[in-house]
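Chain nomenclature is as follows: A, B, C, D, E and F, assigned in order of appearance, with residue numbering initiated at 1 for each chain independently.
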Amino acid sequence: MIKKVVTLGEIMLRLSTQDHKRFVQSETFDATYGGAEANVAAAMCNYGLQGTFITKVPDNAIGQSAINHLRRFGVDTQFIVKGGNRLGIYFLEPGASLRASQVIYDRAGSSIVDFSIDEFDIDAVLEGAQWFHTSGITPALSNQAAALTESVLKAAKAKGITTSIDINYRKKIWSKEKAAEVLGRICQHVDVCIGADTTLGFEPKGNDVVDGRITIAGFKDIFKQMKEKFGFKFIATSLRESHSASDNSFSALVYDGTEFHVTKKYDVRIVDRVGTGDSFASGLIYGLVTGMSTQDTAEFAVAASVIKHTIPGDLNHASLNEVLDLMKGEGSVRVQR
Amino acid sequence: MIKKVVTLGEIMLRLSTQDHKRFVQSETFDATYGGAEANVAAAMCNYGLQGTFITKVPDNAIGQSAINHLRRFGVDTQFIVKGGNRLGIYFLEPGASLRASQVIYDRAGSSIVDFSIDEFDIDAVLEGAQWFHTSGITPALSNQAAALTESVLKAAKAKGITTSIDINYRKKIWSKEKAAEVLGRICQHVDVCIGADTTLGFEPKGNDVVDGRITIAGFKDIFKQMKEKFGFKFIATSLRESHSASDNSFSALVYDGTEFHVTKKYDVRIVDRVGTGDSFASGLIYGLVTGMSTQDTAEFAVAASVIKHTIPGDLNHASLNEVLDLMKGEGSVRVQR
Amino acid sequence: MIKKVVTLGEIMLRLSTQDHKRFVQSETFDATYGGAEANVAAAMCNYGLQGTFITKVPDNAIGQSAINHLRRFGVDTQFIVKGGNRLGIYFLEPGASLRASQVIYDRAGSSIVDFSIDEFDIDAVLEGAQWFHTSGITPALSNQAAALTESVLKAAKAKGITTSIDINYRKKIWSKEKAAEVLGRICQHVDVCIGADTTLGFEPKGNDVVDGRITIAGFKDIFKQMKEKFGFKFIATSLRESHSASDNSFSALVYDGTEFHVTKKYDVRIVDRVGTGDSFASGLIYGLVTGMSTQDTAEFAVAASVIKHTIPGDLNHASLNEVLDLMKGEGSVRVQR
Amino acid sequence: MIKKVVTLGEIMLRLSTQDHKRFVQSETFDATYGGAEANVAAAMCNYGLQGTFITKVPDNAIGQSAINHLRRFGVDTQFIVKGGNRLGIYFLEPGASLRASQVIYDRAGSSIVDFSIDEFDIDAVLEGAQWFHTSGITPALSNQAAALTESVLKAAKAKGITTSIDINYRKKIWSKEKAAEVLGRICQHVDVCIGADTTLGFEPKGNDVVDGRITIAGFKDIFKQMKEKFGFKFIATSLRESHSASDNSFSALVYDGTEFHVTKKYDVRIVDRVGTGDSFASGLIYGLVTGMSTQDTAEFAVAASVIKHTIPGDLNHASLNEVLDLMKGEGSVRVQR
Amino acid sequence: MIKKVVTLGEIMLRLSTQDHKRFVQSETFDATYGGAEANVAAAMCNYGLQGTFITKVPDNAIGQSAINHLRRFGVDTQFIVKGGNRLGIYFLEPGASLRASQVIYDRAGSSIVDFSIDEFDIDAVLEGAQWFHTSGITPALSNQAAALTESVLKAAKAKGITTSIDINYRKKIWSKEKAAEVLGRICQHVDVCIGADTTLGFEPKGNDVVDGRITIAGFKDIFKQMKEKFGFKFIATSLRESHSASDNSFSALVYDGTEFHVTKKYDVRIVDRVGTGDSFASGLIYGLVTGMSTQDTAEFAVAASVIKHTIPGDLNHASLNEVLDLMKGEGSVRVQR
Amino acid sequence: MIKKVVTLGEIMLRLSTQDHKRFVQSETFDATYGGAEANVAAAMCNYGLQGTFITKVPDNAIGQSAINHLRRFGVDTQFIVKGGNRLGIYFLEPGASLRASQVIYDRAGSSIVDFSIDEFDIDAVLEGAQWFHTSGITPALSNQAAALTESVLKAAKAKGITTSIDINYRKKIWSKEKAAEVLGRICQHVDVCIGADTTLGFEPKGNDVVDGRITIAGFKDIFKQMKEKFGFKFIATSLRESHSASDNSFSALVYDGTEFHVTKKYDVRIVDRVGTGDSFASGLIYGLVTGMSTQDTAEFAVAASVIKHTIPGDLNHASLNEVLDLMKGEGSVRVQR
């Protein structure tokens, strides 16, 4: 039986400038579709699992295009609800060198903000699923979206399905205080937590912060607090060093409740930075749902994310074998011919 | 002194598919900016007048890009207010042959919907102006936008400035009933009315409608009713025959309160259909504000619109001489070299 | 229950020149995927039915891209077999005015040429289907492909499924003699025949041919012969007048075994000529499988094809309502806003 | 032996706007290379003859690119001289419908303006040639270019090579008076004259001009005067009706000194209008140099030009067979597959 | 009151190859407009000052496009004169790694070469200005352009306006000897000098040159000589290390007549190298005209230039805040969302 | 006399994805033409020699486009044979950072596989040649292609022409065993061997392999074995360190039968990796055929290859002077203006 992973969230139209142009220079936008949880569903399909995505999109050609984009890459879109007013949009201006990438959100009033669990058949959606995943972005969109997120998490837990959340704090959408309150409630129903910034209110000890950045020791401290408060079975964070908008180093720290694991660190040259966090989450879920060891799970997640940095768009079009090869150091960066 | 024409309305980001692709096929959008009244302001500049445009755009790079687009083509943008939540968007799928062009509006919640006359210096805006123009789209956007439209019209009238409106009924934005009510109120302050469909509640006599389309006799009948009710000094309508999405015939009927004038009819092959109505309005305003005869005004307006059909984007990049040449039949369609 | 239509054939990579360039000028190709029967499957999905497509593609990223393209537009691709050497390619140079479009086939040795009914579960493929469709191109590809076509037609007939073929004679692939022999054998298992050229060996009476083109009387004569020989229940042909590579007139003649029906004739300006025949076939199948009258079926098929002429690519991205509106004369070619 | 045709003239960088954009909207230009006589040389190669082109281009990458463009399509470029200051440029804004195409010349000071016959080996260039061709543009560029043109014509005549000129009057380069004087001198050395406008000072009788356009009778009158004054052996003019920038009708009148021949008239939809006159000249030269009859020569020239109207760029990428098929009415505008 | 900075110079059409193609491979050029002083005017507007640019462009659509480009980004273009023959062009082939960027100038005979101070109202141009800036390129274009430069510098000095020059020696335009003579005369009227190569004839001591490159000690030596000879109040030079065409290090040395200041050094990955020097000049002028300290001025100028390296085109679309953030080390290269 | 270098091999259509897209994301392909030996012929022309290329391409527009591509860049294509079924294709997905470039070959059944020495005039092809070059790819394509390769090598040797081969082992085409057998036979007729992997069966001593990569000592060992067995007069290999798909280091080891020479090592940032090996081979041939010293030959070859890494497409559009400048360290990576 193919494993089934269900994700819930918003899918947006992404409009990005071309050839490193700034917004004010652009007369054309590349258009694609993505969102934290949709990206995870697509990655699952890429790795050979069933990825089912649930959301609400407007009943027009733009909403249909979002569905088609996911369907193209294998996502099970049969449960997506049509209705509401508009598809959320985000404008992306990819940075370079010492100029950071810019995101302008234009997602207010999107179809998902008044999406309710009554609009779809939750039992059918979750039938046969091993895993349910969402992110901290979804409950940020509206009170109703937060209620929806909580309802689905509860339903999943009630069916014995493993649940995960990617914290993904976005300061342009909500405040830290509101996030801490809502996510604190939601995390009661979560088994696996990805992301360990201070959103949930946990603070590392003072000397575990260097130059405003949390050290590995600091993360370990936070992880322990998180486990204690929410009972998470698994906690992970990527450890990104942003040398510039073009060059990052990427590794991860994971905690299976017993031991901490740090992965290999890769230097990556960036083609597209967006979605690399979702690729990391996808890798973790894949590793855990298919029974990899903690270390392998972490290494797989990091390798998956590393490849995503080289692929344009939100989705990670890396194959299972490509990720495994990189993770095992068996891949080659020479031309394959 | 260069004549000054002030216009008020919404400017939107226009995202159109390329190469006749449908929305569901598109992975790139051409991005430009326009709107009924912004297009008129730009045309004024093209013809050598001062075009001043007043609107509200969000204080981000997308809003700035809209300003820049108008500024590039000479529009006086100094009074544009920055604030609100978002720039309205419209998605355009240009049709061809027997497939109609499609517009998907995504303009709810745009910055202009809560725009008030108190946010800018109306006296400065209107100083030295001979003409104020708006369209029936602006009051359709929100009650506040309707109030704004009425306030500015009143202010203009109080200063002895000629006022005009382009009815521009958009069924995707509001109902005929609501439109009739609001526009009926607004038209009290209007001198020149462009558009003569049944939006304002006037109906031609039964035998003045053929195959669902109003005849010239029918329009004359409506024009007389309109003059009687609102005291319009000048009423005009284009007479478009849409043979297909690629081929139209275009002429006009104008009424100066005394006589009716019908223009020459042109067969046009369409490159971009959007903004051709605004070009017609621009031509009328240009003719009237510079003192052309009624017939010349009408011919100028039609010729301007005919050229616009061949130019991509919302704006009409036809020069004064190009319009005059076509209107006088002195132009040539041979290569100019 | 949603109706299910199964189709069998080759899907190819289509590489077309841009902006009316000739092959020798081109340094970029637009890449999409299509083929007579794949196009029909996609159209079925567009109209709300289930379209299942069976073929064989190479197990590489090009083959996967072909699958993804169909999946994006809703086609059920679960039964597609991976193997063989390559995906067939066709190069397309779209013509204009008095320059004809050129096709260069590069499909020799493609995966489908050695595709056998033993490589997939025919019972699963046909389960629940009301209709099976293929074209005269598939048996032209190889003896084994011809055998496959015949086997699947037989299997479908044995299950009481309606079968159809689109003759689609391609002189660059095989001779008229070979075509007549193979298709003659295959047509024993066909209920609905689309296309009525002289491929199958039927000749109209001499005075039924004018300027090398068969008249309607000539087609009626051929249709009767075809019905007599093969027992077809339904025969249809489009009646295309190619005024130029840019302008065609399009109508159809259908025969339900009792009466002949001629449709409305449309003048179309061409954006993309390829796939318009497949759209006609798709319309016929849709009309028949959903129980439309003969005349409505024919009008639907013609209207569907007319819209396809305006859409780039092999697939017909016309919605059910768009086709119905055009067919009923209720559509409008004005901008929809 | 393959026939050899030598041409002399300027090759320019052509920068054209895309997608019907006007100059003021353009942020990208399509770049190609062409010029009246270069286009003729390339056409010769297309038809299987040897086309040798002589010109002077700057010794930089832009000059080299011009050479490469011709070389790509088979032109013998071995005698092209490198030197001078710059490659001439022309900016092209393709028109549509009732908007004419615009050309902005930026060719002042180009390398050819001080090109002298002493800079190359005229005997080597003309060795084995049957035909020498130039146009009325070349002598318009500078006095030295006029002297060069005359020198080469004389040299060709001295070797018994047939000479031709395409009058090609360009009002943006020189006055009618100057043109008449210079061309009058040059035409002493010309056998075949293409173009019969009033540049050379010949006027048709009054009633041979209708609506400012010369009638066929008027052209016949001019042709006779031209023959008498210059002793031309062959005179030809295309008869173009410019319905719009998108639609023309095209035919021709030729005079072999004995009889007048009028060709078939074609309605053409225009993809690229530039170079269609050069295609007509090329067709005439091909017909005459290969010994076609006068009528066939004219029909070939017209058919060649008709196809050129559908091909982007200055060069005519029509094959010999395509032209012959259209000329004989054996071509088809259906998809060739 | 908003500060006003006036600049004088040539604006050119820039035609650059795409996607790292070489000239000989290119069939499309990106078209934008720029020039040393125009770029400075645009940067002033970006930072919230008034940037007024004075130049002469041809009275055609290409000249108008240059004006529009500046106007789009806020430049005051009201004083630009129309006339002359052509807009100067420069072709740009962006390099990469160990292949240097190539520039081909095609600016001979451009409108500015015969531009005179009598063609515009110098008093109106300079009214209210705090600063006048030009570069060493303008006087290189022609003797008349040198005279113009000197006249405007004198007029500015007479009005008490601070004057600056960016030496910008271009070996493809003039010789070192001619440059030294002309610039030596012009620098009599200059307060702030940017650039300190050996153009002006100053040579550092022998051991202040390493591997052909001047050391900081060498620059200090030259600066002192420059101050002594011309009385410059402020001298600055960027210190660029060109590791490759893709990677540079960038810092600066400035001298306020009293002290020398060296800035922070940044490693930059290059998107577009052109205009980075103009960004440095712009930053210096901004800092000085708004009263920053010498060190802050230098740091601001360097940070501005660093961001420009990541932006395509000649203009620096960096906002004031972005430059300040980078300069203060408060910016982040993480995605801003 | 200009030196003449003849090469024999396959030319393919190369279809590459744009903007770092993966195959499954691509809807457009950049199309160019190349192949190991064609690339060498083009490089020879670039350096001022005569490059003659012999191959077989299909007699259609795709085959003609391949010829035109080479002709554009100066290659002598007069002996290319037309016939056979198809032009080989390779799909290229350029990698980035830690994602390797992917090549999908689609070259089975291409015209060259049944190409015979009897189809062209070998004496005419080789007349006046100093050098004949081919690669190990050509004999891999079919037994007949191997026979052809051997025949031409023999013919060249018989005429006293120097012969070279670039081993270029491609594991997707043939096995190591088959390669060793065929190449072993062919190398009997070769003077200069480029490439020194283990394809020919030579193994370095155990401690000459580190981490799976051969050391310089190991290569020296292999070179000596190669010289002994085949009598090669000159053996060379590039020494590539693939840090990632974006960054490589590049140098070379050459052996003139007496001494070993190691070149300078360059760090290169990659724009296009394909064809860099062919550039290395081209540089060696150029150096040897023009009489450079061994060390200079090696340095020239490496510098040529380094520049090629920055140029899109298969061909190396580096000029002789650019290579010489880089080789001598006299080049600059600053903007050339």
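Please note the rule applied: contacts are C-beta pairs under 8 Å (C-beta built on N, C-alpha and C of every residue); 3 or more make two chains touch, one makes a residue touch a chain.
Values in this document were obtained by computation on a predicted structure and should not be read as measured data.
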Co-neighbours of subunit F and subunit E - touch as defined: A, D
Chain pair with the higher count of C-beta pairs in contact (C-D, D-F): C-D
Chain whose mean Cα position lies farthest from subunit A: D
Type of subunit A:subunit F copy interface by residue overlap (half), same or different: different
Rounded Å distance between subunit A and subunit D, as computed from the means of their C-alpha atoms: 62
Approximate Å spacing (C-alpha centroids) for the pair subunit B, subunit E: 42
Per-residue overlap in subunit D, given as positions that touch at least 2 other chains: 22, 24, 27, 68, 73, 102
Arrangement of touching chains [line / ring / star / complete / other]: other
Pairs of chains found to touch, sorted by chain label: A-B, A-C, A-E, A-F, B-C, B-D, B-E, C-D, C-F, D-E, D-F, E-F
Subunit D residues within the subunit F interface of the complex: 68-69, 71-74
Residues of subunit A that touch subunit E when the two form their complex: 19-22, 24-25, 90, 95-103, 105, 170-172, 242-247, 273-274
Subunit C residues touching subunit B - in the complex, by the definition given at the top: 18, 73, 266, 268-271, 306-307, 309-313, 317-318, 322, 326, 331-337
Residues of subunit E touching subunit D in the complex: 15, 22-24, 26-32, 60-62, 64-65, 68, 85-87, 89, 91, 93, 102, 104, 106, 108-109
